[in-house]
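Going in written order, the chains are labelled A, B, C and D, and every chain counts its residues from 1.
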Amino acid sequence: MPHRSLVAPFSDTELEAIRADFPALGLKVRGQNLAYLDNAATTQKPAAVIEAEAAFYRTQNANVHRGVHYLSQIATELFEDARETVRRFLNAKSRREIVFTKGCTESINLVAHSWGAKFLKPGDEIVLSQLEHHSNIVPWQLIAERTGAVLRVWDIDENCDLMQGGLDELLSERTKIVALTHIANGTGTINPIKQVIAQCHAAGAKVLIDGAQAAARTPLDMQLIDADFYALSAHKLYGPTGVGVLYVRESVLEQMPPYQGGGDMIRTVSFDRTTYNDLPYRFEAGTPNVAGVVAFRQAIEYVQRIGLDRIFAHEKELTDFAVQSLNAEPDVKTIGNPKNRAGIVAFLIECAHPHDVATILDSIGVAVRSGHHCNMPLMKRLGINGTTRASFGVYNTKTEVERLIEGLKKVREIFQ
Amino acid sequence: MTFEGELSDLYQQVILDHSKHPRNAGSLDSANRRAVGHNPLCGDQIVLMLEVKDGVIADVKFQSSGCAISVASASLMSEAIKGKTVQEAELMFRKFHEMLTGACDTSSLGKLSALSGTREFPMRVKCATLAWHTLEAALNNPNQTVTTESDA
Amino acid sequence: MPHRSLVAPFSDTELEAIRADFPALGLKVRGQNLAYLDNAATTQKPAAVIEAEAAFYRTQNANVHRGVHYLSQIATELFEDARETVRRFLNAKSRREIVFTKGCTESINLVAHSWGAKFLKPGDEIVLSQLEHHSNIVPWQLIAERTGAVLRVWDIDENCDLMQGGLDELLSERTKIVALTHIANGTGTINPIKQVIAQCHAAGAKVLIDGAQAAARTPLDMQLIDADFYALSAHKLYGPTGVGVLYVRESVLEQMPPYQGGGDMIRTVSFDRTTYNDLPYRFEAGTPNVAGVVAFRQAIEYVQRIGLDRIFAHEKELTDFAVQSLNAEPDVKTIGNPKNRAGIVAFLIECAHPHDVATILDSIGVAVRSGHHCNMPLMKRLGINGTTRASFGVYNTKTEVERLIEGLKKVREIFQ
Amino acid sequence: MTFEGELSDLYQQVILDHSKHPRNAGSLDSANRRAVGHNPLCGDQIVLMLEVKDGVIADVKFQSSGCAISVASASLMSEAIKGKTVQEAELMFRKFHEMLTGACDTSSLGKLSALSGTREFPMRVKCATLAWHTLEAALNNPNQTVTTESDA
């Protein structure tokens, strides 16, 4: 992705200013400054997001779409303005294509359940990659079981890149959908989704992209990649918990039957016959997470002000530094060596299990994650039980990476 | 403007008059275009019947259960479109829609401009546009059901 | 419910102190003090809730259940402590019976989809009442369509109480589940759920209670009522948006297949075979609304400090006053006259449509709701299109009710 | 205690020793009780095999892939329960569980008390109890699979 290398990473002053926007980064953990390197699990939130949510409850709180009174009007406008912000962020064609959910996992479940139940027939094939998070595996297993469709798996090569040509062998007229992560949460692999989508479309298959890790790490453009479905979580994009987005191309969404039933998603209800509302409301049953959605808008505007290309460049610099530093340690092995990698580095150290590594790093204030990262099939494929994973955000620094490396000394002290 | 002023702008005399005494209310046996419109927010409903002959809206009737704004809007619309060509009616809708969603010149809208006060009440804009969305459906997809949700 | 009449409503000083806890009540709307009478749609939030959510993001934010580092531990503890608070609030036997969802609507969908898909067979019957909210109708229609089960409707009498003996005629060995609202959002009717549940259990049917309106209005005790399923939304209980609860009796929940698939709900995942996690996690796929759940705890503790029996008494006093005042107006008709009523009064005034009434009341700062209130089948049964509805919360005052009555004069001025 | 102190309390010498050189690791042909334990949080797994004769745990072996705490706990457990009656083993589990979840007397737990440092690391308690939950399953529901999730 050559245009990105032209973008300069942050200056020290810029980075300091960014860090100051995030209250949690001032925390002391175990008497040390917090080095938060668990951003792939969830990101910290800028004050603008925290304050927007509180301000909503203090001065704008009401239910949406249902009332004519002042607060209800304000809340509805704020909620729908946030939808427009998301539309622009994704460069979707229409607000009708933006469905709010409770998270990326629900977004994928919605597609598997609604689209899948209607369009999958016995013997139809669903292609997943070996890199997928459980949230992009289990919903497909559930709908495969229900419909008689079959899962096929796109394997990886020794670098943890998708196997070249692997898709050629898998795609056939039986392939109805390909569900693929944009950036792999276990390895940081950036998948070539634009090419994959073009190839799948040529073969007549739809494509769902799991953007949980990508949304905070790289600019997104639905027109450019031409995805049918794109799923993401606000909480991994500096936004609140309990908010997700599902983008669906309008012509596809129009054909989908309702997922959950309830208030707001109907046009008329009678016990004999219920008719459903227009897009996207047909897919938003019940009171949504209004305050969360309103605050999420601030998160999007925050990363847009900085620029996702600059965030990408910053994280790339950190990631390259972390990979180099880790690989320089003779007893450390980084997992995968993908051609394009974003913000995530997993590793193993000979003397200690990832859980013990994470506990010891925690003792010096360095927060990393250990375990299978909801990537059990990938772990099995790699013949390991888990890894220790550092994942970066807009606010991380080289010093924090150095503290991680320093912490490995302590691991060795205890375990060697 | 004070909110008190905005309120009396919303409920102008002509609106109240048309809501209490809707013109062209009723059923139309000669109708060759028909559509039903719903406002899912409140359950308001309108059934619109048109007789279109040689591209002209020769006659129009409607049955509506709704608030003052939606009934008055249907009534005012029925008066405005009767005898007009389909193209003229569609142009009228575009102008009407512009009036409610942005600042625009209302001079060409005649009596319809009585509904411009709705602009200050975003949650009521749907009430004013329901009849027009239904008209659009009747002209383009006869025997359709539409909602106003896309105005949200 | 005789014990409740022994409880004294709030003194003026108490009420003032309560009002001071809710920042939004200080708002000016249209130049007037806000009189927020739309609590059945959503409640305002006490400062403790708003502050807990902000504090979480500032000092405790991490993903739950998945990390060993300090913040992850804190977040997990807070999240699970909130579950324990909910357990105590509902007097459930076990934390395993408390599933967090995004709202009451999702809670009901979860049951209809998971329990329904497994246990409903063609010809089986689902009994709903004429008082139900769309959220307790449409999920059952969707699963009925999928399974071939059939909906039966328990009618109401002229007071908007459930028809006496109506259930006797409906219950048969075909009845698999009865889904009933605890307090009806359209009329305020308090249903005799304890007796209904006993009768249903005797007939071998399960019972789901929609507690969306009840949870903030009356003390709850799962052991006393013996429900199989109880659903509620935090945002109607002075808590944040985007959080719901589903209580399911453990022996029932154990038999239910997963609803959504993803992270956290699994034990092991492989492409060939996935096994599911223990209760309640099996039903909580993906990152939950951690901050929302943590803040919701504060809302529960808030109402518990005041006491739900006192809140009930306070709202009863307001409701009785509102019903009397409205009925004293010759051109006003209140909807329903239920034997037991809680916190909700819907009415019609001869000269004006509910929407116009709500707009005019809004012009003097009185927030009420108008429309069908997601109760289209009830509206049809009553032969009306909608109503104007005032619904009360812990903080409402008689003065606010008087302002509503006063506002009707303005309605008449304009419309007569 | 400082956190530094807590950390060395967690990784006491006996824990490190047992994690590096687990006792009773391996397979047991004579086993008549078997259970598999999972920690869904991290994917750690233990296979526990017991030979129970006349109410006594005559022999025990385990295969475990896990962190230092979980391996050490399995190893220490295997030593502690070998030769004990089923009742004694279950009493031991209760005491062990109490030690990790509340303050309690650890004197009767012997070497097992080396795991008491886990108490200060709530996210690691599951690592220490996995072997014991698996034991419970093997004794009560032989050939079962269990998880530690209920400790969350």
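What we mean here is this: contacts are C-beta pairs under 8 Å (C-beta built on N, C-alpha and C of every residue); 3 or more make two chains touch, one makes a residue touch a chain.
Just so it is clear, the model here is predicted, and its values are computed rather than measured.
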Take chain C away and keep the rest in place; grouping is one piece
Count the C-beta contact pairs for A-B and for A-D, then tell me which is higher. A-D
Cα-centroid distance, chain C relative to chain D, in whole angstrom: 44
Using Cα averages as centroids, what's the distance between chain B and chain D in whole Å? 74
Whole-Å gap between the CA centroids of chain A and chain D: 36
Touching two or more other chains - residue numbers and ranges from chain A: 30, 66-68, 72, 266, 268, 355, 359, 370-371, 376
Which chain B residues reach two or more other chains? 41, 43, 121, 124
So in the complex, which bits of chain B are touching chain A? 38, 40-41, 43, 121-124, 145, 147, 149-150, 152
Touching residues of chain A toward chain D in the complex: what are they? 30-31, 352-356, 359-360, 363, 370-372, 376, 379, 385-386, 414-415
Complex contact set, residues of chain A against chain B: 65-68, 72-73, 76-77, 80, 96, 266-268, 275, 277-278, 281
Hey, which residues of chain B end up touching chain C in the complex? 2-4, 7, 10-11, 16, 41-45, 65-69, 121, 124, 127
Chain C residues within the chain A interface of the complex: 23-24, 27, 29-30, 34, 36, 38, 41-42, 44-45, 49-51, 53-54, 57-59, 61-63, 66-72, 102-106, 108-109, 112, 128, 133-135, 137-142, 151, 153, 233, 235, 240-243, 258, 260-266, 268-271, 274, 285-292, 355, 358-359, 361-362, 365-371, 374, 376-377, 380
